[in-house]
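Same chain, two partners: chain A is paired with chain B first, then with chain C.
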Partner chain A sequence: MKVTITLRGTLRKYFGEDKERVYDVPEGCTCDEALKIAGLDYKKIKNFGFVSINNKRVMIYDKLQEGDLLKAFSKVSGG
Partner chain B sequence: MTMLGYQNNVLRINLKEKKASTEPLRMDFARKYIGSKGLAIRYMYEELDPGIDALGEDNKLFLTTGPLTGTPVPCSGKLSVAAKSPATGTMNDCSIGGHAGIKIKFAGYDMIIFEGISEEPCYVVIEDDKVKFLDAADLWGRGSHEAEAVLAEQYGTDYSIMSIGPAGEKLSNMACINSDYYRQAGRGGIGAVMGSKKMKAILIKGTKGVKVADIEKTTDRILEILHDDVLQEDNTFVYDAGTTAFLEACGDGGIVPYKNFSGANDPEWEKYNGDVLMQYREGKRGCGSCGLGCGNFLKIGNAVCEGPEYETIAVAGPNAGITDPEHIVKFNEVCDNMGLDTISAGDTIVWAMEMTEKGLHDFGIRFGEADKMIEMVELMARQEGVGADLCKGVKYCSEKYGGTDFAMQVKGLEFPQYEPRGSWGMSLAYAVSDRGACHMRAYAPNVEVFAAAVPPYTSEGKGQMVYELGEFNAVKFSLCICDFWGTITYDIMAEMLTMITGEKWTAEEMGEVGRRVLNIGRAFNQREGFNRANDTIPKRLVREALGGEGPAAGQKIPQEAFEDMLDQYYEVMGWNKDGTMPEELIRSIL
Partner chain C sequence: MRKRRYERNHTAISQEENRILAGKKACVAGCGGLGGGVIEGLVRTGVGTVVAVDGDVFDETNLNRQVFSNEENMGKSKAEEAAVQSRLINSEVEVIAVNSFIDEKNVREIIADSDVAVDALDNAEARKMLEAACEEAGIPLVHGAVAGWNGQVSVIIPGQRMIEALYEGESVGGDENDTGNPYFTPAVISALEVAEAIKLLLGKESSLEGKLLTVDLMNHQYEIIDFGE
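== the complex of A and B ==
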């Protein structure tokens, strides 16, 4: 299935000039797995924050569906 | 006892008698509370008798630096501005950026304490050992920015200026203090305390230095820390976008309030998101000793401000049902100039919007009415028309007109712009904060929302989580370190403090100081009669499912879950079930 991945904040650099990229991922793919397919291992990125599916925050191990927009955010701190 | 890094000197200014004197800093306090926030609260506990009128002659205004202030330690330019709050009756300390803290230190003081009430409007000029009291008749009634411009023209730019607007002069519960045109000590009516003393402005210039234990070692190590830790991506986002970056993150996290916290997440948020706002950036500025430079100056149409920060964007935008970015900047500009805290002013107006919409009381303003919102700020600052009541905040107004269930405040301090139904720990943080609803005490979304694998909609573990966040911020702000140095650790804090003071500090001690600071704030409030009955949240959070389409839609915080979080927190703190502190605990922190 196809999902779109976009990176926010300081994670944007991992996609270079691309605002977003579309990936073919297996059925039942989790956010974590999809990001790995895109070349990002969240556990190895020090300033990795959280993920959302279709603009709604989810857990990193939640599953994606066909056509989903997966966003990954860098950490923000302060207020 | 003295210690390097400190000036070991307090300037005490009596505004009634127009006298200034100096005295040694209480180093017994400094060793336990370090500086800034903690030291200020400890002094307040010592010097402010219980039950005093926050706007009376017995309240004092404390400007407090710390041992790192004025040194090259990165992000150490913050200043604590503290007094008993007229809005809440609690202690209140605000952290303000800019350059005033460093000027105070360079003038030779760790702390300045203002006492008494001037007979006539005045401003005070401090230049090293000289203190002058000057007539402010020509400045009184002017906007804060206007007054600063007049003073800067007269005195030049070597002075750091702190000033109040008409809201502070008229003793509004939500009056702030401005500094150097762009920073604010915003919350709890701290500007009203300054106004109650009839002090329009403070100008500070200093030519002295700060002695540190080993300047060469300190400089080398600080450069390493700056390179290896501060200027890393975890922190540098604040240079690129400042807190405008929070809007999308908080939006996807489901915690951006919409129409007075009736829902979360404005479907039209992209009209004023961070990318849109940054297109209008015309300048940048950082505080003294800062390595990050988060200050953004925006100009849209005829509206100009420093910011807007996330808080102001959210309250003047989605929380008011408004999507025009120029309005958001204008709201920020007018609030700053009038000397009103954007959070409390904004929350009170959006509450009035809901009151009008529901037909409970006609305040003449509804959601989406941008021009009226700006007019309302002016009315509140000058206490004219409905502004005469609204300037007192949502607690006062809801007790007078109804609508207490959706009056978003704790202890009389209005909510910051983080919806607690999407971050349950935030409800606890607001409830137990020592000055009412404050996001700077324990920033729960950092863990509950902005981390990839922590569940936000549960009470489990939230007492410990809020305690740890609170302890960390308490010591961080007692070192005058800016919140935006997000990667700082207790190890780094202890190392820097050791280098500057020449005395050994450990990471473990940092945690102990943080805990002590949380306790001294609570002890002050307990003496004022506060206990568990005051650690509450608005009924809206408990009774109403969160509206909108965000990830937290449908959530509410069951009362038993909230009480569970309170129980957890009190247990972690070693407090009694009723929220009071055991006497032996109070004695142990003095």
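== the complex of A and C ==
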């Protein structure tokens, strides 16, 4: 199934100039697994914040569905 | 009393609403980049009592963005300077300086009797304490944070625990450690926090309750992410 991934904050650097990328991922693929396919291991990114599917915040191990828009945000905590 | 002080608030904020604001109390946690802008905004708008909380002092690195910092007050308390300068802006507002960092022991007393709390802090640990204390006291919380060209704002109604969701795990800081904090991002985010705080104080509905507005000033992307169940 196809999902679109887009990155925010300092995570953008992982996609270079691309605003978003479309990936073919297995059925039942989680956000974590999809990000790994896209080259991001959230556990190794110190400023990794949270993920959303279709603009609703979800857990990293939640499953994606065909056509979903997965966004990954970096952590913002300055004042 | 200056009769025309709030003339340009009207009718975005009506005269009656300005009278309501004069009887309200807001607690601003943090008097740095975000907090300075928030305090100035609340004071100019006419919120009756503003509690300005920060245990830090101004240093040279604050001059690029923190509105109450200047070349003459390096080394002085951020909270006390915010209060002193606020009195020059609007003597009808009482600004109470609390020259302390938020911690488990003082947070309940600091926010007591406030009608709204505003998060202008710079670390997850203090934010979690503030959110928990606000929940316990039934006080709505306006969250804001900045890093480089990016920022975020949220309105947290007691029970929503958005800070816990945003800053899961250990407090290791965020993008700001790599990106720095230029002037314009806290200026924008603090103004948004003021707008949300004023809405809460006036009992107006906010479209950011339980949601996070993310702001990217480099690419002009403004997105609202739903954090509800």
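Keep in mind that, in the parts below, the second predicted complex is superposed on the first by the 77 of 79 C-alpha atoms of A that agree within 3 Å, B and C clash if a C-alpha of one lies under 4 Å from a C-alpha of the other, contacts with A are read in each partner's own complex, and residues count from 1 in each chain.
The definition used in the following text is that a residue touches a chain if its C-beta (ideal position, glycine included) is under 8 Å from a C-beta of that chain, and two chains touch if they have at least 3 such contacts.
Predicted, not measured: the structure shown is a model, and the values here were computed from it.
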{"item": "Chain C versus chain B, contacts on chain A by residue", "value": "B"}
{"item": "Partner chain in contact with A:Tyr61 - chain B first, chain C second, else both or neither", "value": "first"}
{"item": "Touched partner set for A:Arg8, first chain B, second chain C, both or neither", "value": "both"}
{"item": "Contacts of A:Ser74 with chain B and chain C, given as first, second, both or neither", "value": "both"}
{"item": "Partner chain(s) touched by A:Ser52 [first = chain B, second = chain C, both, neither]", "value": "both"}
{"item": "Chain C-contacting residues of chain A that also contact chain B", "value": "8-10, 46-47, 49-50, 52, 55-57, 71, 73-79"}
{"item": "Complex contact set, residues of chain B against chain A", "value": "232-238, 240, 243, 245-246, 248-249, 251-254, 310-311, 416, 418, 439-440, 443, 446, 449-453, 455, 482-484, 486, 550-551"}
{"item": "Footprint of chain B on chain A - complex, ascending", "value": "8-10, 42, 46-52, 55-61, 71, 73-79"}
{"item": "Chain A to chain C touching residues, read off their complex", "value": "8-10, 46-47, 49-50, 52, 55-57, 71, 73-79"}
{"item": "Residue ranges of chain C in contact with chain A within the complex", "value": "30, 32-35, 120-124, 127, 144-148, 150-152, 165-168, 172-179, 181, 186, 212, 214, 216, 221, 223-228"}
